[in-house]
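One chain, subunit A, links the two complexes that follow: it is found with subunit B in the first and with subunit C in the second.
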Partner chain A sequence: MSKEKIQICPEFYDIMPPEYRDLVEQATYGKEGRGWKDIGQSKELIEDHSLCAGCPESMAFRYILASLPNPEDTVMVGSTGCTSLVFPHVAVHNIHSLFGNQNAVASGLKRALSVRFPGRIKDVVVLAGDGATVDIGLDMTLQAWFRQEKFTTICFDNELYANTGGQESGLMRKGFVAKMAPVGKKFEKVRLPEIARESGCAYVVNCTVSKPNLVEKVIRNAVLIAREIGPTYLQLYTPCILEIGKNSMEGLQEMRDSEKPGERFRYYEYVTDSAKQFLAELEAKEKQTAAAAIEG
Partner chain B sequence: MANELSEVQRSLIGKQNKKGQTYTDPQHLFFEAPRIPAFFTGSEVIKEAIRRASVDVMVAYPITPQSEAAALIGELYAEGYVAEYMRGESEFAVMGQCAGAAFGGARVFTTTAGPGTMRAFENFPMWVGSRLPIQVIVTCRGINSPLSIQPDTLEMYFLLGTGMLVWHAETAQDFFDWILKGYIVAEQPDVHLPIAVCCDGFFVTHTKDTVLLTPPEMCLPPYDPYRSPVPCMDMETPPVRMMRDPFVMKSNYISYMTHASWQEETRGACERSRKHTIPMIGGLIETENTDAEILIVASGTAVSQGREAIRLLEDEGIRVGLVKVKSLRPWPGQEIREATKHAKHIFVPEFNVIGWLAQEVKATIPDNHRVIAGPHVAGGMTMPAEVIVEEIQKALGRHVTTLAGRGS
Partner chain C sequence: MTDYRVVPGPEAYFTPSAARMGVVLPEPGEAHIEGVIVPEEKAMEYAARKLLDAKNPTLHPGPLVLWNWNEKAAKKAKAIKVLAECIPARIIPMPDYRPKYPKINPDVEINPNHPNLTIWHNKEDVCLFVGVHCHQANLSLKIIRGGTDCFTIAMCAQAGHEDAMLSFRDATAEKILRLAEWVSKLKGVPFVRPVDEKARGDGGDRYSDNVFVKLADGG
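Here is the complex of A and B:
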């Protein structure tokens, strides 16, 4: 879709809500090199959120939506959980259907879009919680990777089932006491990034969302690699401040603490050789364009 | 107007697809085009229907008795008649993949049976609420434990509450016609719902029958996703922010009312399918001799067995009428009340242990003591016509003349 399609019929202009008018006039659909720095200077593709005040998922959403390379041709797939409360505020087409089937839905969607729009970019991005990705939906998460489905899977890892009130999840730390883990979780945090690598993902990153420029980089890489090469996986720490007993202001520090060397969310990246080559070519092209712009 | 095409679809009529098939007006395809007799199994008939259905995406998973049909569609994909084909990892995933493809604007086809239907279940009401006009063929088989692969229609009982259109084919001919017609009805903007076209496994899928096929060089016009009452998820239309407060989180009247009215609307859409279905498949029911005092009301292959029983009873001078229920959702309540108004005894033979069709009929007609729920067979047992005859003779207090398969 081009930005021209997002227009308001002149007869209805005056009755459209101001935020929709802003979306039409100020959003960054179709903008080359869009990124987190557009936040504050343009209309974001997320209007509001109904998460807890200070929930890091809300920052993650804003950075991700600012960083999608082609939001005008991106369809997102969500799942049930705290994230599903945000999607109704998101100004790219997005699908919620059931809890845990997100990678199955995305597989069908991506194939349908490839049939209907051959030769055109139509990115598919999955965004779901860790319960959805690793527990109830693990089969479909992995199978999509085995099949080399060309879309990005993003897991908001808050290490528990937040939306149902803080129960044990597969990505929870061993020993953590939670609902349904009354004497502490008895097994280790599932190592999904490594499993993703072994399952055929071309690009895997495990990190927190404390740094918007890092989120921008990994989102862009993940979406572009998925478009050209194969499945990509991002596991982003978005701590559930409510369930771990933090205040609204403490989410950022929690992320900073857990990304230190030796901690659970120290930066981990895996890139296949072909994806590396693709990224190098992309960088060279971008440099060329930038140089040409300066000369021009 | 019933069964209209969109402008885009109209503009394609007479043009050819990449296999050289001509997009044909459904009215012409179904009711005027010449028919070619073929002697095929039900599975082969499914393949022939899909060859003509302009399907974009089929998702397959093996389960007896639909595995053969699902694999045959794979052949159509290899030949280029179906644009995309994949094997899913479970029926739950398959139905999610179907949903994704339909959300993305594709015409979608899948098949399942028995435990597969049950494994898939969470998806069916979701398809309805999302207004995805996916077609699923259900070749019914047992869902009981111990494991059974035999014909049994118990799974249809559960489908009735999902909000999908549910049709029950008697013969391979029904199957061929209804698969094609099903898409036309399900995709109407005022319907736009998923459809389950069911048959009794093995009896229909694995037996050969003469079927009159439409010409292979003609096919349905493709699906037009922009006729959907909800936006197609392809970013070809402007995104809207749906709501400030997602209804799932709100415990207030507006939220309850929204959910309630959407359920009413999807049920309403199912009812609205009547005006499209009736001209397509010749009514939701089909009747014979409904002035008789005794009636058989049946669906699926129980109808064929009922016909046979009627013939045997006729030889004894007992006149019995027949109501063939073709569509279970929408439910032909008015039609059944009308068709049964003269009957004193209404027999409902079924291939399942609970007798769901009898329950439905009882809930529909006045003086429902007239309904005799049976005979029932289950677990793969056949229903010889003599068993129906015996049930009728017993209920009438007559001497039982047939002791089917009992030995002596």
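Here is the complex of A and C:
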């Protein structure tokens, strides 16, 4: 599928709402070198969102959509949480699964797509909150990794259950007091990146979404490695500014503070040898193509 | 045979599905009017009359005909445009089924999750759905019956809809043009079928099927 597939019948062109005409004319599908810099110029990269003002998750969502290497052939699997309020605005195929089931749904989907479209590249990307990934859906998350299912799992880690008022989650840091967890968390934050590594993920990254270039790179790497080698996992810090008592403008600074050395969201990357080799080959190919383009 | 009639609402907040009330779907060659099975031609005439009598007749094409998926969709789109011009009726699209937040613009689109907003806003008294996937059409038709007094017509490409007040089945471009032909007939004006530009090739005499006949034939 590509932009050619999403044409409006000429008879109805004038009566279609403007955002659909814009989607057909301006969408970045198939565009060479699409990325986060297209945000703000293309409606399909979430022009309006339904999250709170200044929510870092809205930034993360946009970066992810802009960085997908193959958006027209990508299916995203969501779960209950703030992300489910954004998915209706997303011009990429997406499925809303029951709370916690996202990795099980994605496993079946990925397999079905490879049977249905054997000659085509179809990417599956799971995008869920920490409650769905680590608490309610931990079984499904781990089992998908154990089975080496070839898709990317992205966890938007805001360290609590945000849209239900601030309950304790497995990824909440020790000692944190939330509105609905008044005694403070008594246990350490679950170390899911390490668990992902031990469970067989070929590429694992723990970071914030404060740097769009970095997010673009890790999303692209994660999707491409998942396509060729095995499961990949990204844990992205998207703080809930409401639940941690910050203002709309303070989300970015909160992420910057949390990624300093020694902090819980300092950049952490794990890449298997085969994934490293794959990335090196990819880079070499890209350099070759770029050199050929300059010569040509 | 049930006594229940699928008539314009508002029926109730929890509208019972017409199927639950005993309304059954028509067989091929048939249609239903308010839940009563009738021959298709009778329903054609009834639908044409309803559309002509309406103050604000509106056609709601769905994704299956709005988007140029294939030749079949393109032909249906042409036929719907002809029908709209014959009546004349307004066209308000249902481009997709996403539950849009915070709200849709009812002036320019209809959404299956709250179709009543568009019906109310535009004061539609008769509307026709075409090219909407059946499960979304069922949802829309039930909500409209529950909360509005609009007469709903379904031009369904599958087996029809019990929850519409009038439903055709196995819709094709030809069937949509037949309805347009009925509208013209009742208005007492000649009906001119569109030419299939795509099939106009060497000599200009070949047409892909019998739906689009030459203007010169006056068919």
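Criterion: the second predicted complex is superposed on the first by the 287 of 296 C-alpha atoms of A that agree within 3 Å, B and C clash if a C-alpha of one lies under 4 Å from a C-alpha of the other, contacts with A are read in each partner's own complex, and residues count from 1 in each chain.
Note that a contact is a pair of C-beta atoms (placed from the backbone, for glycine too) under 8 Å apart; a residue touches a chain by one contact, two chains touch by 3 or more.
A quick note: this is a predicted structure, and the numbers were derived from the prediction, not measured.
With the two complexes superposed on chain A, say which partner A:Tyr20 touches: subunit B (first), subunit C (second), both, or neither.
both
A:Asp73 in the overlay: touching subunit B, subunit C, both, or neither? Say first, second, both or neither.
The first partner, subunit B, only.
Classify the contacts of A:Ile95 with the two partner chains as first (subunit B alone), second (subunit C alone), both, or neither.
Once the two structures are laid over each other on A, A:Ile95 reaches subunit B alone.
Looking at the overlay, what does A:Ser50 touch: subunit B (first), subunit C (second), both, or neither?
In the superposition, A:Ser50 touches subunit B and subunit C alike.
Looking at A:Val190, would you say it contacts subunit B, subunit C, both, or neither? Reply first, second, both or neither.
In the superposition, A:Val190 contacts neither subunit B nor subunit C.
Looking at the overlay, does A:Cys9 come into contact with subunit B only (first), subunit C only (second), both, or neither?
second
If we overlay the two complexes on their shared chain A, which of subunit B and subunit C does A:Leu85 touch? Say first, second, both or neither.
A:Leu85: touches subunit B and subunit C.
With both structures placed on chain A, which of the two partners, subunit B or subunit C, ends up touching more residues of subunit A?
On the superposition, B touches more of the residues of subunit A.
Quick check on the superposed pair: does A:Val115 touch subunit B, subunit C, both, or neither? Answer first, second, both or neither.
In the superposed model, A:Val115 contacts subunit B only, not subunit C.
Per the definitions at the top, what is the overlap between the subunit A residues touching subunit B and those touching subunit C?
Touching subunit B and subunit C on subunit A: residues 5-7, 20, 50, 85, 88-89.
Considering the complex alone, what residue numbers of subunit A touch subunit C?
Spelled out, the residues of subunit A in touch with subunit C are 5-12, 15-17, 20, 50, 85, 88-89.
Write out the stretch or stretches of subunit B touching subunit A in their complex.
Residue positions touching the partner: 56-57, 59, 83-84, 86, 88-90, 92-94, 96-106, 108, 122-123, 126, 130, 231, 233-246, 248-249.
In the complex formed with subunit B, which residues of subunit A make contact?
Spelled out, the residues of subunit A in touch with subunit B are 1, 5-7, 19-20, 23, 47-48, 50, 72-75, 77, 84-85, 87-95, 97-98, 101, 104-117, 122, 139-140, 143, 147.
Which bits of subunit C are touching subunit A when the two form their complex?
For this pair, the touching residues of subunit C are 61, 65-69, 73-74, 77-78, 80-81, 91-93, 95, 98-102, 105, 108-109.
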